[in-house]
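Same chain, two partners: subunit A is paired with subunit B first, then with subunit C.
Moving on to the complex of A and B:
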């Protein structure tokens, strides 16, 4: 365990050093994050200028949901996203053949693949998303300690789900390199900006159990605004554990197909 | 104007894009999500009654129209042009007996042609699912005029912003600002008439509505005669401004260009 923590520290420091070489990027990234936030919050504000509730969600609850969405996104962009994109994204290690070196390192391949690249700027988004959640809580009232605990637990399950899906889609790249499959998931994850029950019934069922955007964003947000049911935590963790297991297995199977780049 | 060369360039780009169609359809899916999500959001919000004249079927028609028009006006080239200027690829384009603008137009046309079938299928599917009434044929002619003007404005604005890379390395922030303004004020998030107070007034004067929202509002039959004339005048005005500014920026900028790298 200590060995892995050391590995994370080294990889993070390495990514940090690479980023610090381009300091002007910091300003640009802050602008990007702020605009992303303006777009999202603007949408919610305009919506509630015309309507008091959205399918039973009031303004502050919807804002809190947006905050949770941004929080999950930022945690994804901290290391899961960049690491797997470095493997299977455009011009990733599978394209260039650099995956050879990953295989040769004396660390389990899946661990290294999942932790190899960090994007420290995502922490700015994390901060902004917490500000959004805080603002929402100011009008809605601070949640109980119990709800907060449930929120953190469900967030943990959510990150497991997110990781499992992205690992699975990254592993698909061993079979098909035509398009970054993770982008398709990113598009669908966007539906989590709003409570998934606003979508037609069949679609929201899919978004709960097949592509579990509901478990990733909506359910944690429900705990945060005190309308969650603790019962849902169990299937969340079960689904999360199951998918992580399946995705890891699929990843191991897929790696065997790797035949390096042509060069 | 070297038309033959330009058409050849468009053809070449189109073929090269077709070979990686899966990739472009992935992009197209990403662009579809915004309109799709906001369609469902406004459907949920308008369950108890129409909002500012928009009922359920109006929202459906508006957002399905948005998917098509957004795809047909979305300029992708502004991201790549900036990069080409910074990496020095522009030098190669300058040596051709062909205006550099053609390179941007070619990738623009190719992308639209390649992505359009995907968007049409999705939009038709939604139209079938929600039983959208077909719009009257008489609206198609003027709509096409508004659509072309919208394409010119949106393309020229993005292209001109990308040309600013001739002076500075940091234009990605500027492009992002432009994208956010399009999202908020062009009618992507919400039909511009639903924007509250000052924001609505602003949206009527700024070019963004005329890049996207105006043709759709016309197609869905939301506009009165005088509103249509006002919109057309604004479109022609902004199209003219954007073309003149683009020419000016290009002529001044190209003198600044010092091929970097290769």
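Moving on to the complex of A and C:
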């Protein structure tokens, strides 16, 4: 474990050094993050300029949801997204044949594939998302310690779900080396900007249990705004664990299929 | 054991998609794709002892890179057995992976935007090399390949030759017992190739590392490997001493004579008659090169020297490229 932490530290530091080599990139990333934030918060403000609630969600709750959405996105963009994109994205290691070298490393392939690339600027988004969550809590009132704990637990399960889905989609590239499937999930995750209850019932069920965007964004946000159902946490963890297990198995089976890019 | 390799009846078959040209065939292949089985490696067996340097030769598509990748554990064999450093490579156990290294001339594992030294540090952490061992290894390799000036440079700013050197050092940082080199000098200029070879020779001498090398540059093979394994169509058709292979494949010497006068002159009749009975390889003005069976070289010299007015005679082995070409042509016919 200590070895992996050292490895993560080295990989993160290297990513940071790489980013620092491109000074203009810092400014561009800050502008991008700010615009992203202003667009998101602006949307919620515009929405509530004409209505007090959105299918039972008030302004502060919707703002909290946006904050959770941005937080999940930023954590995804910190390492899970870049790492898996380095494997299965366009020009990824599966395309170039560099995955050969990943397979030869004396570290579990899934661990290396999931931690190999970091995007340190995503931490700016993480900070901004925490500011948004703080603003929402300031408007709605600070949640109870119990709700905060449930929020953190549900966020943990949500990240597990997110990782499992992305790992599964990245592993699809071993079978089908076309348009990266992770792009499709990015579009679906956008639906998590809004409470899943605003969608028709059947769709909201799909978004909770089939493509669990609800579990990933809405349910943690519900705990944050004191309207969560603690009973959902257990199946959420079970689903998260199950999907991580299944995705890992699928990844292993897919790696066996790898026939290496041509010499 | 730790640096040895045992390969027994190794085979590898791929399934590749097939499609007729045109949009209709492309649409049809979406519904009913057709596949063909391609046998890249049919039946390959050999054993390599610890510390040996062996050249794996064969024409393009002969199965040598597929064999190398199965030895490294990258590909699963369809049939046969392989044991490298006491392990089954496909199990990819950490102790096995620490004992090998693979260098591919057309690929790099250096991080493009980081400095060379940074790439080395990642490698150190991944392989769990201690700080002391890392410093010692890096010092030795840097000195041997004169690399110090390259360490602070970004990989993207290196020339092809510089990148190849750094790539080789990276592959050796964890002190592997077995080194697989797949076209390591691909695209390098002549002097860089020479430096590469002398480094590998010296490294093998110092550390006793087993080296399996594939290369289309015959100078790589002749200067590094006493033993060669020739593969074609997925089977081994020669495994043994390189010079013995040359003797068997080309049981002749080349003799080059330079005559003092023009060969068409009337006083050269004897020489012309003698040459007519020989297998001439090349002829230009006063120079003639011909093939003679090894046992016939000495008996021929007397009549040859008497027949004309020689300015120079040289006897040499056919170039290894010609020997290999003869072999390839023979087995592909």
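Things to note:
As a working rule, the second predicted complex is superposed on the first by the 262 of 263 C-alpha atoms of A that agree within 3 Å, B and C clash if a C-alpha of one lies under 4 Å from a C-alpha of the other, contacts with A are read in each partner's own complex, and residues count from 1 in each chain.
Keep in mind that, in the parts below, a residue touches a chain if its C-beta (ideal position, glycine included) is under 8 Å from a C-beta of that chain, and two chains touch if they have at least 3 such contacts.
Remember, it's a predicted structure, so these values are computed and weren't measured experimentally.
Subunit B and subunit C, once both complexes are superposed via subunit A, fit side by side. Of the two partner chains placed by superposition, A:201 touches none, neither subunit B nor subunit C. In the superposition on chain A, A:101 contacts subunit C only, with no contact to subunit B. Residue contacts after overlaying the shared chain place A:180 against subunit B, while subunit C stays out of touching range. Legend: residue contacts after superposition of the two complexes on their common chain; A:23 is shown touching neither subunit B nor subunit C.
Rounded to the nearest 10, the superposed model shows the Cα centres of subunit B and subunit C diverging by 90 degrees about the centre of subunit A. Of the two partner chains placed around the shared chain by superposition, subunit C is the only one that A:10 touches, whereas subunit B remains out of contact.
For subunit A, the partner touching the most residues, choosing from subunit B and subunit C, is B. Distance between subunit B and subunit C in the overlay is 10 Å (nearest C-alpha pair, rounded to whole angstrom). Shared interface residues of subunit A (contacting subunit B in one complex, subunit C in the other): none.
In the complex of the two chains, the subunit B residues touching subunit A come out as 20, 22-23, 25-27, 29-30, 32-34, 37-38, 40-47, 51-52, 169-170, 172-173, 176-177, 179-180, 183-184, 189-190, 194-196, 199. Taken together, the subunit A residues at the contact with subunit C in this complex read 3, 6-7, 10-11, 14, 17-18, 21, 96-98, 100-101, 103-107, 109, 112, 256, 258-260, 263. Across the complex, subunit C meets subunit A through its residues 14, 65-66, 69, 72-76, 92, 94-95, 97-98, 100-102, 104, 106-107, 109, 111, 113-115, 118, 121-122, 125-128, 154, 182. Here subunit A touches subunit B in the complex through residues 24, 27-28, 31-32, 35-36, 38-39, 42-43, 46-47, 49-51, 54-55, 178-180, 183-184, 186-188, 190-191, 193-194, 198-200, going by the rule given at the top.
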